[in-house]
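In the two complexes that follow, subunit A is the common piece, with subunit B as its partner first and subunit C second.
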Partner chain A sequence: MNKLSAQFLDIGYSDTLAGGNSFLHRLDPRAKLIATLAFIVTVVSFDKYAVSGLIPFCVFPITLIALGGLPAGYLLKKVLLVSPFAILVAVFNPLIDRQVLVRFGSLAISGGWVSFISIFLRFVLTVTAALVLIALTGFNQVCLAMAKFGMPRPFVVQLLFFFRYLFVLSEEAQRMLRARQLRSFDRRAMQWGTFVSLAGHLLVRTLDRAERIYLAMCSRGFDGRIRILRRMKIGLPETVFVLGWVLVFVFMRFYNVPSHLGALITGRLS
Partner chain B sequence: MHMADALISPAVGATMWAATAGLIAYSAHKVQEVLNDRIVPLMGVLGAFIFAAQMINFSIPATGSSGHLGGGMILSILLGPYAAFLVMASVLTVQALFFADGGLLALGCNIFNLGFFPCFIAYPLIFRRITGTAPAPSRLGVAAILAAIVSLQLGAFGVVLETVFSGISELPFRTFVLLMQPIHLAIGIVEGLVTAAVVAFVWRARPEIVNAAGAFQPMVKVNIKKVLFGLLLVAVITGGALSWFASSHPDGLEWAMLKTSGKEELESATRVHAALSSIQAQTAFLPDYAFKQDAMRPGMAETVPVEDQPADKPAWPAVAPGTSVSGLVGGAVTLALALFIGIALKRPKVEV
Partner chain C sequence: MSHHIVETAALQYTYPDGTAGLKGVSLRISHGESVALVGENGAGKSTLLLHLNGYLTPTAGQVRIGDYALTPDTLTAVRRSVGMVFQNPDDQLFMPTVFDDVAFGPLNLGLSGQEVERRVAQVLETVGAGHLSKRPPYKLSQGEKRSVAIATVLAMSPDILVMDEPTSNLDPLSRRRLIELLKTFKHTKIIATHDLDMALDLCERTIVLHQGRITADGLTEKLFQDEALLRGSCLEKPLRMQQCPVCAPRKKHPVRE
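After this line comes the complex of A and B, so read on.
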């Protein structure tokens, strides 16, 4: 199985996680969306040499993972495996910014390494927050929350369609690939002509499928709207959740917890 | 070439979000106005097709590497620019949420880089100009390749600008441009070839599909001036609002500096202005790369009283060893505390 198909299994798994039934799962998706966005904006607003100020922020994903009963190891692995782009760009920082910023005795650490660590921390925090959001809420709920926030309707409706047919079409592509593999023996690399034919056929089938779906939906009364039974409600728990986290974020943004804690401890020791 | 949250500043993220949200609203409005309901399921399913088609890799002759179908251009050809932009936006949203490609704050940047340029620049200004209303296959190929190259070059340049304006990465503008543009030239050629080949295949196999998609009919006019003007307006308003925010509440950060270091931090109030004025004076900023110096300022975390700073390095916040050791200890303790909270809150595995 190639890398991408493993990723598709992953989408299915994230959606399975969203089917959980913890207090956090039941929370209105809008509350979770706002809290996550507030978290990301706060984390990103830190200065580029910020390291210790960022550390307390891990309390947000950790708490949600624990309360929501999410598999922490799986999420962490996923975070570390994906998206090398940030690391790739960040790795130039130590090469370019060689000015010494921090000294531990004889060990000198350049500003570049500090900002590299900072970028890595930001990356882990923001990515984990997004993954936790989707694992606690589910894609459909996030879409509906966006619709409630005024995302245009055609966009949300096609997003829901898109997500639904992602699985169908990727299975179809898998089947085509498997069929080719079975018939091509040792020739592993795909030739250009074969590729065009496969992709073209997939596209033709997709378009036919879209037409059938549309006709089927029309005969069931589709009028461009998707209606849901589940009511969304911002109640006391949602308000407390959002306000509580925002307060925590603001506190951690302006009050450097680790440096005060560290000063307290080292002060006692010395 | 996805931007990541870790590399952008809130101002850049917010500006690009505003621009992208405006484009989504405008495109959705156009889709509703001009096209019918039929296209909405088609859009969703085609987005899924882009995803599925990306699973099929082919080997690029003589290079040993492999390529796959890109997105923006083929969607524009099949759906027209407005619907294609919405589909690209949703493809990138799913990638951001599930694959952690990019991030939520960087989503605005990514949609803009990978959606706006192919759909609203390369498709109307290059692809349609070359193909006209009755294209020969060779014209189709040339048009697709050129359009893909241009849209990827612009997208890559967008990544560079957004990264440099954010000032988190140290990569100088020139180096970054020299890294990004050639790579994306190659990617653009491959994407153009693939797009042209797949469209030509479908056209041969089922001409009515491509014709029904309206690819070669006189198109619904893309009012590029209107779009660009709207974008400019959004950028100015957001930039203005942010700079107003920064200048009328400069004490948010200062207050914290005062609390943590006992000394007011003077550089940071001017930093946002420096960033914004360099955005405004973009052209002047490009040849002479002086922005990085403006962006440097002491970290919140490692901020120390200014008197600890060696006199010979005024621009650099040197950190006294004592402070950094206590910062390190404090960081470790905080991390441990957070993990402890997590373990304490952990729900039992078996759910009833």
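After this line comes the complex of A and C, so read on.
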């Protein structure tokens, strides 16, 4: 199995983490969802050259990782795995925006580089927060929380099914690839024709499977609505969790902690 | 209780591509019977099963489940009384967790939350999967998946259990457990299978299908003695009814004669 697909299948692991039993795991999914959304919105709302103001925000994911007992290394690897997307988005900034913004002695840093770093920081913060949310809550619970907040039912069902059959489908693709590999000997690269045929088969198989699943649903009384029994309760811990974090975010948004801290220290030193 | 009866009359089905699936199948299975449906690959076993809960509509002929002739109007009632366990549990377990999956049917029946929880706990206990309730289905072993798939159907409290290859892909011990479990059910059972030893264990009656027609219908023990019939339907005597290769006098294998 190649590395990338191993990583891909590894998504199931973050769901295993959600089976933990810390205080954070037990919180109502909706509370965690709101806090994470508030976090993401605040981080994204900074202006395009913000760097120092963003740094304190790492306190949110770090606290959750520490208190939830999550493996930080694993999460970091997952973030790096998707980082090329962010880099691709930001990579042209240094080329286009060449106006010098900061000078360290003779070293001039252009606005493009600053915004590049800013974008990358934002990416790391938001993706980590989302991954932490999944690892603390579980993908399905997050979906159900969204449903409780009034996200249209069809979207929720799509997401649930997507997650359920992601593994089945990727295993199927994996088996087909293996079968091809074992019979292709020295020809490492897949030929176009073979690829088309493999992809086509996968599609047809998926359709067949969809048909069988639909059949299974029908034979258990499916009438177009998926009902899920889940009790959710917002209590004192949830309220404190959400309010506490939102206050912290607002504070860090309007009060640049590092620059004030810097001023404080340099002020003392002088 | 007439509602546990399954009856088909001159059932014919032709697939859209023109392949004949069933060419006139008439049978009557009465309350509490346990029937094995055997035959070669493509004999029409699964096609027949798919008619029993109204998924396929016959080209000609009729299906009756209990008091209802199967029509679009009676479909809901029929699906409620015919519980269908599919061959691949991955097709049957589509919800996020085992609990949600087992609760899917009862919730669709409109039962209250408490009643659903009670039922789910009860059927999971029955199939010995109580501890799996919170697990996602893709993390279960084949044997566990099969048990849960059966639980999802039992939760609807059907009168008739229809199963497609329940013992396929199971290790011998899981297979044995499943057989013992199925023995305890009092439902009318219709089991399509290639596992003739299981048929011998579970079903007093066997129906042999061959190329879309019934070629034999009778007592399992008697039919499985009939080597000519079995060979004609691409079957073989159950292993248990063959001679022991170690202690019996040497004799050529019946099929290779």
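Definition applied: the second predicted complex is superposed on the first by the 255 of 270 C-alpha atoms of A that agree within 3 Å, B and C clash if a C-alpha of one lies under 4 Å from a C-alpha of the other, contacts with A are read in each partner's own complex, and residues count from 1 in each chain.
To be clear about the criterion, a residue touches a chain if its C-beta (ideal position, glycine included) is under 8 Å from a C-beta of that chain, and two chains touch if they have at least 3 such contacts.
Keep in mind it's a predicted model, so treat the numbers as computed, not measured.
Using the superposition on subunit A, decide if subunit B and subunit C clash or fit.
With subunit A aligned, subunit B clears subunit C, so fit.
So, A:Q181: does it touch subunit B (first), subunit C (second), both, or neither?
Neither partner.
Which angle, in steps of 10°, is spanned at subunit A by subunit B and subunit C when each chain is reduced to its C-alpha centre?
The three centres form an angle at subunit A of 100 degrees.
Which holds for A:N140: it touches subunit B only (first), subunit C only (second), both, or neither?
second
Return first, second, both or neither, reflecting whether A:I213 touches subunit B, subunit C, both chains, or no partner chain.
Both partners, subunit B and subunit C.
After lining up the shared chain so the two structures overlap, which partner does A:D223 touch, if you call subunit B first and subunit C second: first, second, both or neither?
Both: A:D223 reaches subunit B and subunit C.
Using the superposition on chain A described above, determine whether A:R164 touches subunit B (first), subunit C (second), both, or neither.
both
Counting residues of subunit A touched by each partner, does subunit B or subunit C come out ahead?
If we count touched residues of subunit A for both partners, the winner is B.
Between subunit B and subunit C, whom does A:T239 touch in the aligned arrangement: first, second, both, or neither?
neither
Could you look at A:L203 and tell me whether it touches subunit B, subunit C, both or neither (first, second, both, neither)?
first
Just to confirm the geometry: in the superposition, how small does the C-alpha gap between subunit B and subunit C get, in angstrom?
Comparing every C-alpha of subunit B with every C-alpha of subunit C, the smallest gap is 7 Å.
Residues on subunit A in contact with subunit B in one complex and with subunit C in the other?
Of subunit A, residues 160-161, 163-165, 168, 209, 213, 217, 222-223 contact subunit B in one complex and subunit C in the other.
Which positions of subunit A touch subunit C when the two form their complex?
Residues 12, 15, 19, 140, 143, 160-161, 163-165, 167-168, 209, 212-213, 215-223, 226-229.
Across the complex, what residues on subunit B touch subunit A?
1-10, 13, 24-25, 27-29, 31-32, 37-38, 40-49, 51-59, 61, 66, 69, 86-87, 89-91, 93-94, 96-105, 163, 167-172, 175, 194, 197-198, 201-202, 205-206, 209, 252, 255-256, 259-260, 295, 297-302, 313, 316-319, 321-331, 333-335, 338-339, 341-347, 349, 351
Could you list, by residue number, the parts of subunit C that touch subunit A in their complex?
Those residues of subunit C that touch subunit A are 50, 53, 55, 76, 79-80, 82-84, 86, 88, 90-92, 94-97, 99-100, 103-105, 107-109, 113, 116-117, 134, 136-139, 152-153, 156.
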